[in-house]
Every structure is written in C-alpha cells, then in structure tokens.
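In order of appearance the chains are A, B and C, and numbering begins at 1 in each one.
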Amino acid sequence: MPATLNPERGAGLAEPRLTGEARLAQLARDKVRRKRRERTIETVLLAAACVSVFTTLGIVYILLKESFVFFQEVPLWDFLTDTQWTPLFSDARFGIVVLLSGTLTSSAVALLVAIPLGTIIAIYLSEFAGHKTRETLKPVLELLSGVPTIIYGYFALLFVTPILQKLIPGLPGFNILSAGLVMGVMIIPYVSSLSEDAMRAVPMSLREGSYAMGATRFQTAVHVVVPAALSGIASAYILGISRAVGETMILAVAAGMQPQLSFNPLEPAATITSFIVQVALGDLPHGSIGYQTIFAAGLMLLLLTLVFNLLGYWIRRRYREAY
Amino acid sequence: MSASTITLPKQPPPLKAESRGLDFYYGSFKALKSISMPVFENHVTALIGPSGCGKSTFLRCFNRMHDLYPGHRYVGEIGLMPDAVNVLAAEVDPIEVRMRISMVFQKPNPFPKSIFENVAYGLRVRNEKSRTYIEDKVEAALRGAALWDEVRDRLDEGGANLSGGQQQRLCIARALATDPEMILFDEPTSALDPIATGAIEELIGEIRKKVSVLIVTHNMQQAARVSDFVAYMYLGELIEYGETKEIFMKPKRRETEDYITGRFG
Amino acid sequence: MAAAPGAGSAPADAHADLRRMIRARKRRDVLFSVVGILSLMVGVLTLLALFVDMAITGAPRLTPEFFTSFPSRRAGQAGILSAWVGSILVMFVTAFFAVPVGVAGAIYLEEYAKKNWFTDIIEINISNLAGVPSIVYGLLALGLFVYTFGFGQSILSAGLTLALLILPIVIVATREALRSIPQHIREAAYACGASRWQVVSHHLVPYGMPGILTGVIIGMARAIGETAPIITIGALTFIAFLPPVPLTGEPPAGLFDWLFSPFTVMPIQIFNWTSRPDPAFHQNAAAAAFVLVLMTLAMNGLAIWLRYRLRKKLKW
C-alpha cells in the first residue's frame, strides 16, 4: 500500500467543501430529510409490531363471528350438555362434551407419560448429569420436539398400534392409547426443557447449604431444588397441558375420528382438533351449519388454551422466585 | 450547598463551551447540582473527583448521551460557541450536537468492522459519498491519532484485532475523522497499560491544537500532566475550578486540598 | 457426628448404623441416575425407532422417480413431485412475509418502543400467540384469507397462515439477538452522530444476523412440517399437477398465477398416504416422511452451524 491513500493529491489534503451559508443550508436540508426518514421508518416498524395484535383480533373476530351464527341455530345449553355429537347427520346433535371427552382422555394419557418422564429427565440433567452428557443429550431432546407431528401420527398408527395390539388383545386399530403415548413422548421436551431451566436458575448457594448438611444429590434435588424451582416447573407442566390439548395430527391419524362420549383410551375417539380436520377434509359449503360447527369447536379450543396460558402466566407472576 | 470557587485566568482564552447552572436528574435523583464552568477553546480541561462525584455524568451531558436512557432530565444550559446554541435545549437535535462534539469512551469500543470502516463511520453517517474524500479523512484521522504507520497496510482488517492501546487510538481516530469542535474523553486510559497510557496522553497534547478537550480522569497525576485547567467535583457539585498549576499547588478550597493530598478519595 | 465423650455404650455400633444409612441413601442416588437415563432412553429410542422404521419401510421407494412423479392411484407409481414443489413454494411465501415483519417488529420492540401499556399489549399478544394451537391459525386463515379476503384455497393463503404461525419465533429470536449486542457498541455509534435507524441498520441488524438467521431457519423448519392449518384452509390431498411456474405467464397478473393455484405440501401427502388401508401406500408414506424429516433436520443443522460460524466473526 502506498504511503498515503491518494498520493496524487498529497498527504492529508481534502477537496474543498461547501462552506458558510451554503453549508448551513445543506445541513438544514439534511436535517429535514433525516427527520422525515426516521419518522417514516418508525411508523413502518410499529405497524410490523402490531401485526401480532391484528392476528389475535383476527382470530377472535372470525371465531366469534361464525360461532355467533352457529349459536343462532344451536342453543348454547344444548351445545354444552348434549351427549351426542353428530353435526353432519340430518338429525344433528351438537354436544361438545363428546369431543371434550376425547380431548381430555388423550391429554390425560399424554401427560401421564410426559410429566413424570419430563420431570425426572429435568432433575437428572440439571442435578446429576455431567456437562458432556447434558450437552449430548439436550439436542436429542430438542430433535424430539422438532419432528413434524404428522410423522408422529404415522409412527403411532403403523408402528406403535401393532405393538400395542399384541400386548392388549382386542385393541382396535384406531385408539386413543396409541396416539396418547406418542403425544406424551413428543411433549416430554417441552416439560423437561422448561423445568430444567427453572432448576438451573436455583443458585448454587442453596444446594451448597443442603450438601453441607450431609444430604445426597437425590435428597438435595428433591427437597431443595425442586421446591425452589416450583413456579418454573408448574408453568412447564401448564405448557405441556396446553400442547396436549392443542395437538391435532397425531390424533387425526391414529385415534380414529369417531366421536364418542367415553373416557376409555382403548377405543377410538374424536377430539376437538381431529374433528376440525375431519370436517375440513370433506366438502363443506361455505356458510353451512357444518362449516360453522368447526368455528364453534375452535372457539371452545381457544378458550381452553387461553385458560391454561393465563394460568401459566399467573403462576409465573405470582410465585416467581427472584434470585 | 456551597458555591463553587472559580478562578479564571487573567487573560482567559476564547470560550468554546460553558455550562450555566446545570442540574441533572436520573429519575428523581439529583446527580448534578448547579454546575457552572467554562471550557476554553484549544485547551484541555480535566474533571477530577472521587468515584460517584458526577464527573462522567457531567461529561455525558455535553453530547446528550443521557438521551439514550429513560428518566433523564436536564435543568440549565450548556452553551456551545461560536453560535451560543444551548446544547441541552429540547429543540436541539442530539444528532447535531454529536456531529460537533465527539466522544472517546473508557473501554475501547471499536465496531466489529474493518479499521477503515471504523474511522469512516462518522463520515458515512453524514451521508458522505465521495470515496476520495473519505479516504483522505480516514488517513488524516489515523495520522492524527498516531496510528497510521501501524495500520496502513491492514486497513481492511478488523478493528477488534488490535491491541488495547491501538484500539483506543482507533476510537480517537474515529472521533477525529469528522473534524469535531470538541472531544470528550471519559477516563480514556483507565483500561490501558502505562505505555499505552503515555501514548494517549501525548496524543491529547497534540489534539488540543485543533480541538477543545474535556477529559474525565480519576488519575490525578494524569490530570496534572495533561490538562491546562482542572475542575474538582464532589457529590454532584463543582467545588473548585482553576488553572492546573494553581489547583495542584495552591488549591483555594479545603475539600480540593484534601482530595489532592490524598486525605480521602 | 462422633459419639459424645462419655456416651459410652458401643460407639462402634452407632458408626456402623450411620454408615449403613449413608450407603442406603447413596444407593438411591445411583438408582435415580439409572431411572434418569432410562427416561432419557425412552425419548432416544422413540426417535431411533421412528427413524429406522421409516428408513427400512420407505427405502425401497426412494428412487429418482419418486421425486419426479405425481401421486397416483397406483402406489408403485406414486411420487412426491407436487408435494415437494408445493412445500418449497409455500415456504417461499412464508419467508417472504414472516422475515421482514418479524424482524421489523422485533426491532421496534427492542429499540424504539417506550415502556407503556401499548407496548405491554403487543408483548402479551406475542407470547399468547405462541401458545395458540396451529389449527386455530387454520381457522383464522379459512375465515379470513380464504373467504373474506378472497385469496381462495391457495399457496398465498397457506404461506400467509404459516407466516403468522412462525411470527412469534422470528420475533423472539431477533429480540434475543439484538439484546446480546453490548450497549457500548450502541453508545459508540450514537456518539458518532448516527440516527437511531442508522444504528439499527449499520450495526444492530448486521451484528445480530447469526441469531436472526437461526430464528428464521428454526421457524421455517417448523412451518415445513405443519399439517393442520394447511388442511383447514383446504389444501387438496390429491394433486396431480404443478402450480404454474412462478413469474411466467402474461404480466402483470399472470406473473403471480402460482400464488392462487391449488396445491399440496409434503405433510399432507404423507397424511393422505398414511390414511389409506393399502400397505403399499404406507411404504410411500414412510419414504415421504423420511424425506421430510431429513429436510427438517437439515434446516435445524444449518441453523446451528450458521450460528456457530457467524458468531466467530463478531468480537467485542
């Protein structure tokens, strides 16, 4: 590189620039332009940030709008108390509890798997596992939650169900148990990852206090760390519940789409979510009662998940331990 | 709250900036109490005082750095000559202030860009398009920061690859590139080794020929070496101001003398 | 712990008891470790079983013809051409909307927004939407995009829906990336006289690129596997044609014919084949599932690699 960047003009000399009045005028023009540009940019960015608000408003609006039409046809009382769900029959019945029973049963099976296993895994990774083990196994868990749910559906129907049928004679090809078990495994990472974060946030000083008393690792984990991380663990559970209630494809593929009011996981059943899929797969004239039914079901689903989200939020707010 | 003791030189040099009755609030906490003092053109003014006395807070008023954080409130004025504009006025755009007053920070903070782009940044921000102009200014600034000979063969390398002392000189070059009227130094050598410190002090001595300098330092010896005027602050107030020789040899206030002789600090 | 002086009677016994109790508790530690590893194995083995089953069942179908054939009533001739083309086109639309809106929204929330009730509402919304089941997004799309806006059961509707779905992911990742940039870099840029947008566009977005890109890729990996919302807006499950090639056709409207075309995507094709009783179609489903999982894994892997690579170049 030469001794200076612009050798033809000698070292360090700049070309003459605007001075005096002209310079001030230039500066004033620049300033006006800059202010206008900054204001426009800020407005655009604000609009982008508001898209999420519009999404929520859109969801609420569309669900309410179509459900409103639905509830003109179907009394709310019937909707909540009828024990049959046959919306597409000529003698249509709209008892949402039928679908709710499916959602409840499948979620219960899933959570019976996800919550114990997820908690144990979280405790193990946070309190027992060495650094290397943790770093190797955490990505694997993340993978578990990254697999598309349709593939889990395939797995439930074509791998798990045949195995279960050997263990439980008479198990129908479509059943809640199979779907629920696979759902449970899929939800494990949600529970374990948040619980683990909560446990790792517990300061070492609490653990040291326990170890100093002669406690073992297991005792420290169970008696000190878990209680100290309770709010985080609770909201992890709530996240798992929310996820189970909202799951669609695994159930649509493996649980059959027969709405029945039953809590027996060994039978097929329809959930709120799989019902919506079933209807959407068929041909539904826009504006028919069948079309509006899925919005009413969707409204129910949204209310359910909203309740759980709020519960989780409230638990975090109320019981958050500040370290 | 006692009044400040200000001793102006017999023939004061031209004024570059002047704070008049400056109060500063962080939320409801009054961090600066009625500071009035001059900053003379082409001279080095040092702000000294124990930790927490408000010297950095005062420094950062000059280029409206506090505007970046909520809860700030300025009361009073800082006038910038020759047009006597009140830098703190709400109508005055902080960006314009920062285009006239540059800053060098305590911990060197070059951008993760090339050396050339670091120095050129101030010019780019002013919409400067001419490549030759930018190159000339970058070279002049790097020479002015005594860094040119060391980096001229690697202007495209990352600024963060330099040593601590070089990084700080790079930040000084960045501040010089836009021909500021004033440069604020916020404890520029506290993160550097003694040799790098010496180089920076020498640089400041050169820089002041073209630029007015206001420097915060907790190192009294540095203030004595580098500055022409010294202001001693304590608990948000200006206790005493005067020429460096006077302050260090014959301080007028008891508080100043206590600090300078190390009776506390 | 030692027997008190003068406590006399058989201190040796007390020690033996204590040691036995300690050993029992330590055994519980080991037992729990075993239980922990076994629990982890449930997840690992499930993944393995899934993979192996898909690979073995589907491998015979993974021929070049599989990728270049349309679905067919004959299992042996069916392929995923319309599915993977549809997936790519939908992903393109998704990214086109989700990336600018998500990054811009995150920039606003991190660098511009003041702490007031309005900002709180936006933030509550974003965390809420992350918990809404994906099928509800499908309902939103059906009512709003397909009918009210009239986009029909098209690639455009699908892309918009998925964009809304992954928006919280992109926003959160971008905010994290911006937050990790140290404050002194911002101060240095402002001190040079930069305006807020200049600080954002010259410094924050470039330096935050690793995190932003990671979030975008993870969002896309999620979107590519989504089935429920796409079914709800009515993607047909038997599509034996391709959408018109983008940007061909008569301008101006013809350039965008493809946006409004009926289509299918990989997850839907898998769903269709899985739902058939004929085991030959199950083979196809396994093969397609294998391809889909590979695509998802590749994207996640790319995100991790990118984050590592780009992070090395940034030093402060």
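Definition applied: a contact is a pair of C-beta atoms (placed from the backbone, for glycine too) under 8 Å apart; a residue touches a chain by one contact, two chains touch by 3 or more.
Bear in mind that the values here come from a model prediction, so they are computed numbers and not experimental data.
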Ranked by contact pairs, first place goes to A-C
Top of the farthest list for chain C, CA-centroid basis, is B
Whole-angstrom distance, CA centroid of chain B to CA centroid of chain C, is 49
Dist(centroid_CA(chain A), centroid_CA(chain C)) in Å evaluates to 11
Cα centre of chain A to Cα centre of chain B, whole Å, reads 51
Multi-chain contacts in chain A, i.e. residues touching at least two other chains, fall at 34
For chain B, residue numbers touching 2 or more other chains are 95-96, 126
So chain C residues touching two or more other chains come to 195
In the complex, chain C touches chain B at residues 114-115, 184-195, 198, 202-203, 207, 313-316
Listed in rising order, chain A residues that touch chain C in their complex are 34, 37-38, 41-42, 44-46, 48-53, 55-56, 58-59, 62-63, 65-66, 117, 120-121, 123-125, 128-129, 137, 140-144, 146-155, 157-159, 182, 185, 188-189, 216-219, 221, 239, 242, 245-249, 252-253, 273, 276-277, 280-281, 286, 294-295, 298, 301-302, 305-306, 308-309, 313
Seen from chain B, its contact residues with chain C in the complex are 63, 65, 68, 70, 95-96, 98-99, 102-103, 105, 107, 109-112, 121-122, 124-126, 158, 160-161, 171, 174-175, 178
Per the touch rule above, chain B residues touching chain A in the complex are 93, 95-96, 126-127, 130, 132-133, 135-140, 143, 152-153, 155
Per the touch rule above, chain A residues touching chain B in the complex are 1, 3-6, 9, 11-15, 17, 27, 30-31, 34-35
